[in-house]
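Next come two complexes, and both contain chain A; in the first it sits with chain B, in the second with chain C.
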Partner chain A sequence: MVLKIFFPTCCNTADSGLLIGRWIPGQDSAVVLAVIHYPFIPGQVKKYLSETQNQSQVDLAVLGSWSLPKDGQEGMDSFLKDLSTIFPNSRWLQLSREIGKRGFACQVVHNRITPPDPAQGGTDKKDQIIFIHYDQRKVMLSQLHPIHEESPGEESSELRAVFHTVAQSGPLFLLDRYDEGPLKLTHWQSEGREASIVVELSKQASVPLCIVLTWLVLLSFQLFLYVVCCRILNIWPVQFISSKMSTCVQTAYRTNHFQTVFSTKKATSHMEFMRKANIFVSFLVDMSLGLLLVSWLYRENHISQLANTLVPVADHVAKELQELLEWLMGAPAGLKMNRALDQVLGRFFLYHIHLWISYIRLMSPFIEMILWYVGLSACLGLTFALSVLSDIVALLTFHIYCFYVYGARLYCLKVYGLSSLWRLFCGKKWNVLRQRVDSCSYDLDQLFIGTLLFTILLFLLPTTALYYLVFTLLRLVVVMFQGVIHLAIDLINSFPLFAMGLRLCRSYRLAEGVKFRVLCEEPGTPLHLMMEINPLKCSSVLQRYRTPTYSCYPRDSWVDLCKKLFMGELIYPWKHKTTKTD
Partner chain B sequence: MGANSGPGASPCASPVGPWRKVLYARQPFPDNHVDRRFLEELRRNIRVRQYRYWAVVRETGLVAQQVSCVAVFITLWSCMDQGRLGPSVLLWAATGCALPGYGLYEMLGGKDRERPRLADLQSAAVFLAFTFGFSPVLKTLTESVSTDTVYAMSAVMLLAHLLSFPYTQPSPPGSLSLNAALFASVCLASRLPGALHTFAMLSWALLVFALWPCLLHRLRERAEWSFPWAAGLVCAGGVGGLGAVWPGGALLLSLALLVLTLACPLLLVCLQRHKDNIHGPWDEAEIREDLSRFLS
Partner chain C sequence: MAEKNEFTDINGKAILLDCQNYSSFCREFTVSSPKVSLCKVIVCTCSVWLFAYAVFFVTENTAVLSSAIIITLVGMMMHIHLVKVEHETLLIIGSLGVQLSTSYASGRESTTFIEMSRIKDIVINEAVYMQSIIYYLCILIKDSGDPNGIASVVPLFQSSKPRLNCLVQVYKSCQAIIAQTR
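Take a look at the complex of A and B:
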């Protein structure tokens, strides 16, 4: 068996004393956490250990003795050996280091007081010992990430236990050398507690401030939520429309975030803490970007410039559409269309555009004012500004959406009509009960009318399909533009900024595993390894700490989308029923 | 396994009994073993019918008259297309044919009526209303499609009508054949100069392709003597009509009809002698029992 001793690097030069740590249950390894210096009173050590154990929930024990002989302490060795009788343990480690040598010497004493284990006693001499040095501070702060499920080896669980032990024994590290107490310890913090004045001051100040702020925010939010969510949003049309407007979606999303961040409950798990921190940081970044945008917008009259370009652009789009329709009403690309239907459809759409242009003309004096007020929403964050932009685009291209819906409905009607009439043409029908095509004998008049309609639909299909195609393409352009905006919003909302910052600046905080480096390997002394922390990969950080948003939910695949487009079902934002009932 | 192990291995193991045609017993013979009695069960031509020439000729009348029906329809269309016949004349003629035809149909139908007269009237009203209502639409339907395409489509559809016509059971007319014929007639009718022309053409299509097969079927059922006469009349009408529009076509049609009614039956009767069907134990199992009691 190989005995592994995890030894903190800070204790390398500690004065002689007792090793405090923990035997990892089920594993042949020990974690050294601190060294208690001579002189001490054994009863006080036991009392201290049991107190710390109560606080940290780690079963601490005295592992053995540590000796680093200095001048005038020659007689320590035999004394430290005798200590094993005071602290009964099945195994007693005797570590000793000589000045000028890199390696430690180690002896394992099997205590005969405890019931003797003949098997262990037999292998006593063959025990091999490996020292694994670790940086106590980094190990304490780092969060070991689940190693992939494919290799749940023994090593991973042992490592996990080591990390857990070190992370849990925070109370042990509170005692520093300036504390007046009966015991003196060496650990990573023994030179004095690590803290910065600014952080401490802000911690002190932030507690009452946070409470007040939280109460204020929560109170106002509860009121807001009560009024908005319970009263207004639950009315059907409002609910329906708000689910289609990205501003409302973003508002709901941010409200949710607010509730998470400002909840008075302390984050218990690491994931929850990271989630809160991520949301908070992304919220701050969002706000600051939004304020930048506002400062740009309201300087040098940018708003009116925007308004002055927006109206002609909308006008121009309408003009282009009009020309497109006129082109479609002729013989577009030399296609043979049904003239009568072509004219009817073209005139219908032209009238629509006419209505639209007059609507824009009516709106144009107010657009600057609207933009001015809407621009204020950027104070709430860049995401709000982008959502508002997305909604404005949706509203300004409403005519395209209408055209698309008309075209799709007409086309869908034709496709479904043709498919069911084709079955009639072949003397078959769709059996709803059995969900299959059955043969059927029709009456004469059914056949006659069916064929008449089939012929008409078949000859009119190309015209409708062309209109549908053109308007679908237009609609897809708009949807793609909105999609890009939504992607940007989603990026800001869900990007784990805090986790990413931790990964970049304090890469040991998020550990994926460890790697070992040989420190010294001399014959006669145990092997010394240095344990270094492998930081988590950036892609895994993204994957694990990404805040879930609506874009994470599964959507149509590309094949489904193409099928829907072909069948003339509405793609976005209205969802179409998928069950087929003829 | 035992049967597959080959003829050489097994006979020494057990005394070889006679081969039996059973699957449940393990026998020391290969799977494909048969004995001498195999060919004794061979039988030839057990279900071949001996046709009489004139009976077959009589039956081919149905095919011939259907071909002639298509010819009659094409004649009417080309007359209208060329302006030789006005739509009102055709409409009156259609009425003149439909009413006596319906009377005859009813007379031959006897007592057991499946449909009430009101349903017939309703169907007629639906036909007329829809055709009349849709005829302006139908007229402009194929305006932008080239004439050749329309002709090609009509030809294909009329051919499909002739091929898929249910000659054994012509009443009610089969879906595909009737639909193909109607599709062709809509295509052709949309080439005519006016909406009324379209209406007249579609009415005639209905008469020729939908109602006439019903009447003919009833004639054949109830008064068998009249069937050859009716078929002959239609054939003569088709050839004569086509002759007035396109003499070469009429010649071709009459040749085709002659081949169809005289040469094809002769060929069938002659070839019947060379028929050599073999039946034996290798045939698929055939269920002879009446299964209708299980299916109901």
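Take a look at the complex of A and C:
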């Protein structure tokens, strides 16, 4: 049988006294939490223990005695043995340390009150003892992962029980040596409590501040939200468009977070607290980055410069597109296209671009003003500015999107027509009811018409495919650009900055586990181990504390995407298609 | 209390098993692999640099040479920080648990501690590795739901793969400690 004693490092040089701690139920281990010094009155010790036990919900007990002989304190041994009769316990530890020796000596006295355990044979077989030293402050503050949100009563793991005991017995550590009281204790805080005025003040101020902020937000937004959300947003087209605009999505997301952070309820569990803190820090970082952007934008007339470059760029893009279309209408790359269809498609798209250019010309005087007002949104955070940028890009490249949709629809029609006519060639058809291909006998005229249509479609396919290819490539460039912006937004929104900061600056706060180091091996003394905290890996911090966001990643895999592109189905963002399920 | 034995790993390279006996129920086994040989480093660096010089001779672009130097330096750092394992340690403490630590050549150490209550047993297992069958020591982790089931297997001495005679020695002392304290 091995007895494990978890001993705080701060009590190594404590004066002689009583050991206060807890026996871990079901395990042969004891956690020493503090040392009560001589002189004391046993009645007061018992009273103090029961009071702390009520506050902390940890069943504290007097584990034994601790002696560190100093000058003029001899003949203590018999006194220490007598103490065990005052505090009845099944086992009584007698730890003693001699000056000049590093190790402790330990003696376990089995009380006569309880009958000796038959499993041990009742003999005085010497118990083997391990001393595990721990840093009380770090163990108290650290959070052992993986976090179980169960009731603390049923702890299977011994280390978890130790961590839980130390974390729960906070009230025991409140008494320091400057307190005038009957008892003097040694623990990690006994040299005086450390506190920061700023932290205390912010703790006091946080609740009223939260209430005021929520009220302000509620008052100002309620009317607005009521009118906007309930009346306008629920109308179908507005709702549909707002779900496509990244600014609206970001607004909804931030409002949600705002409610979480400034709710007046206190976070009870660790995960909830970390979530709040992460959101709050990312909020602050986002805001400060946004304000930096604003201060840059509104200095030295950057806005008008931006507007002056934006309009020619849009114009230039339209011009380039026009040239591209003219190139496609000729013989692109030496390919011989169907001339009539080529001309029709080209003119159709050219007319579209013409409309677009006139639209931009009409808009150009107002663009600076629009940008000025839109730039103000950066006050709400960099993410807002970025999502507005993404929306602007989407609006300015609307013609590319339109071309893509026309091209894709035409191409899709051709591909489907060809595939169904190919089945006709093979003497088969698609059975809609059974969702499978059945064989079918066609008439001669049906076959004739089918052959004719197939030939026409097949010969017209290269022309449509070329237009489709070019516009899909253009569209993909735009989608990539928007995807990069969305990735940046997602990164700012979901990065657990607070948890990462904790991991870097106070690595013991997030513990993955523990590690042991053998301290000293003097013959004749029990084994001494040092328990250190093994900090959580950065990757698992990211994984565990990442704030969930709306996903902007492509939901289907790359293979699916390629298949869709080949079949001419529309990709992002108009890709909602409910799949039929039987 | 410490004894050192020389063994070979599965590739026939010499490894050192250091067995430290702290107490009757606490023992530490350290398997140290040989250090990076200077010869190998010189050969690698020279080959990269000669190749870079050949490319430089053809293209006459000095960026090739500087990038070669950077690549060698970064590669060496990555190698000693992520790949090259100096020694692996197994610390078994009766009734408390088993601690596995791997220390890399750069001084980085990664440690995991498995509590005794989670450990079902320590066994020697065999596995197909490339074209041969090798033996390895592993810890069987209990399944929390099913008392007889095994949730996972944690292999020991993964990077320095010692041969069976070395494993048997570690296995015997581990089993002695487990049997003594359970």
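Here is the rule we go by: the second predicted complex is superposed on the first by the 533 of 582 C-alpha atoms of A that agree within 3 Å, B and C clash if a C-alpha of one lies under 4 Å from a C-alpha of the other, contacts with A are read in each partner's own complex, and residues count from 1 in each chain.
Simple rule for what comes next: contacts are C-beta pairs under 8 Å (C-beta built on N, C-alpha and C of every residue); 3 or more make two chains touch, one makes a residue touch a chain.
What you see is a predicted model; the values in this text were computed from it and never measured.
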Which of chain B and chain C A:I360 touches, first, second, both or neither: neither
First, second, both or neither for A:F516, with chain B first and chain C second: second
Touching partner for A:S441 - first (chain B), second (chain C), both, neither: first
Touching partner for A:C10 - first (chain B), second (chain C), both, neither: neither
Contacts of A:A340 with chain B and chain C, given as first, second, both or neither: first
Partner chain in contact with A:N534 - chain B first, chain C second, else both or neither: second
First (chain B), second (chain C), both or neither touched by A:V45: neither
Touching partner for A:L452 - first (chain B), second (chain C), both, neither: first
Touching partner for A:S157 - first (chain B), second (chain C), both, neither: second
Parts of chain A lying in touch with chain C, wherever the complex brings them together: 1-2, 4, 28, 128, 130, 132, 156-159, 513-516, 518, 521, 526-527, 529, 534
Contact set on chain B toward chain A in their complex: 123, 126-127, 130-131, 134, 137-138, 140-146, 172-176, 178-179, 182-183, 186-187, 206, 210
Residues of chain A that touch chain B when the two form their complex: 336-340, 424-427, 441-445, 447-452, 454-456, 459-460
Touch list for chain C against partner chain A, complex: 1, 22-26, 28, 91, 93-96, 99, 101, 111-113, 115, 117-118, 144, 181
